[in-house]
């Protein structure tokens, strides 16, 4: 039964990516709008966008890593 | 009973795609608006949009991959 | 009892479509607004919209496929 | 006990329609606004709206179908 | 114990109406705004609004029907 | 134990009202704004508002009715 | 154990008030804005606001009543 | 085990305050904006704000009261 | 097992602070905007903001208090 | 089994930080916008922002503290 | 069975990052917009943005740390 519960835990962990998915979508949405308004500032906008996307993606990675750790090391 | 709990875990894992679904919808929504405002900047907007969609889709893929791993390797 | 837990897992999996439902609604909403503002750019807007809808729908499909796999292959 | 757990799974599955409900509401809301702004573009707006509503409704149908399959075929 | 779990499933099923509740609220909110902006377009706005409300309400009906089916036919 | 699980199911069912609560709040919020912008269109706005509130409230009623049915008829 | 599960059900039921809390907050927020824009229309705005607050509050009352019924009549 | 389940129920009940927290935050946010736009209408705005905050806070109180009732009277 | 379930209940109770966290963030966000628009009205804005923050924070305190009560008095 | 349930409770408690994460993000977002609109009011904006961030962060701290208390003192 | 429940708790803990993901996305989105509006204020905007991102990221770190503590020290 342990294996099954670990699977649920790992599912919850990788589910963290949901927040990153929503957040990155919101960030991208406004970046598109900003590029449309000021096409010549695309460089600066992309720079700010990438800082935000990197940090948001990092939360998805935390969940993914915890999930992998659970599946491959806890059930042993 | 293990099989059943793993199924729940896999369901939770693939559920991650929900965030990507919402996020990509938001990103697309503003991109449409931006294209309508500046049709000549469609190229730049698409470029920013695709970076965001790719990263958001990646979180859905994490969940899908974890889900497949669970279904086909954990229950053995 | 296994059958029942798999049903819950499959329910959770197909539930992923909820995110796509919300996301596609948001995308469509802004596309309508954009078409109203720039009727002559309908072609370009539809093109961006369809990329977004396709990717968002894909997350619903992931969940639907995992759900079908669970119902018809795991309970055997 | 199996019957009961399948009922929970089926409940979760049909619950997918919640996302479609929210999404279609958002899409309709902006379409109303767009029609008010450009009454002469009602045809084009309806066209975009119906594509979005159809795809969003499809996610509710996925959940409904899975739910029906569970109730009438799994408990046998 | 079966009866109890079916009750939970039926509760989850009817809970689908929550999405329709939120969605119809959003749709109505913008329709009010649109009517205030263009009182002479009330007919067209109502038409678009009613299509959206009907489709959103349909998801609440799906959940309600599944819930009724569960309560009156599964526990036998 | 059945009684307890039915209580959880009934709690979930009445919880549907949460969506109606949010949705009606959103609808009312924009109606207030619309009345402030066009006080002379109050009649038409109220009419649209009441259609939306009635449909949203109906989802809360569905949940309330299912909840009452569960409490007073299932536990017998 | 029944008593405990009923407590969970009652907790879920009263939790319905969460939606009313959010919804009434949204309605109030826009009413404040509307009053600031058109102080002379305060009467009409309050009237619309109170209809919405009353209906939203009603969903919280449904949940509260069901919760009280559960605590004081089901556990007997 | 009853004591533990009652604790979960009480936790869920007091959790209702979450909705009030979000709702009151939204109401306050727009009231700040309204005061900034029309400082001379602060009195009227505060009046509308306080009606909304009182009703939203009431949902948090419902949950708090149910929670206290559960902890101090059900476990006896 | 009681201790563990009480821990879950206490976790749920303190989780109430989540709503306050979101709500206070929204309130602060608009207050910043308002201060930027009318720096000379900072006093009045802060006053309205602090009423809202105090009431929102109160819901977090409710949850925190219930959580502390559970941990230190129920498990005895 | 107690240890495991306490772990779930502690997980729920620290999960409170989710609300603070969303709230602080919203607050920061509008502060950025406000600074862009009125760079000379940066001092006042930062002051309001920091009050809000401090209170929002406090809810995350409540959850973190409860979580630490659970892990290190309840399982003894 | 303990190991499995700890895995669920750890999954919930790391799930906290979801809020940070959404929040940081929102913060970044408005920062992009602000940079587009006032490219010369990029320095000040980045400064405010980084304070907010750091605090939001801290909530994700809390959850990650609690999750690691659970996996490597509680199951012993």
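Each chain gets a letter, A, B, C, D, E, F, G, H, I, J and K, in the order it is written, and its residues are counted from 1.
Everything below uses one rule, namely that a contact is a pair of C-beta atoms (placed from the backbone, for glycine too) under 8 Å apart; a residue touches a chain by one contact, two chains touch by 3 or more.
What you see is a predicted model, and the numbers here were worked out from it, not measured in a lab.
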Query raised in the report: Can you list every chain that touches chain B and also touches chain H?
Result: none
**Report entry** Angle, in degrees to the nearest 5, of the Cα rotation that carries chain B onto chain F
**Finding:** 130
Query raised in the report: If you average the CA atoms of chain G and of chain I, how far apart do the two points sit, in angstrom?
Result: 19
Report summary line: Between chain A and chain I, the Cα-mean centres are separated in Å by 26
Query - Residues of chain J whose C-beta touches two or more other chains - result: 1, 3-6, 8-12, 15-31, 33, 35, 37, 45, 49, 53, 60, 63, 67
Query raised in the report: Quick one: in the complex, what on chain E touches chain F?
Result: 1, 3-12, 14-33, 35-37, 39, 42, 45-46, 49, 53, 57, 60, 63-64, 67-68, 71, 75
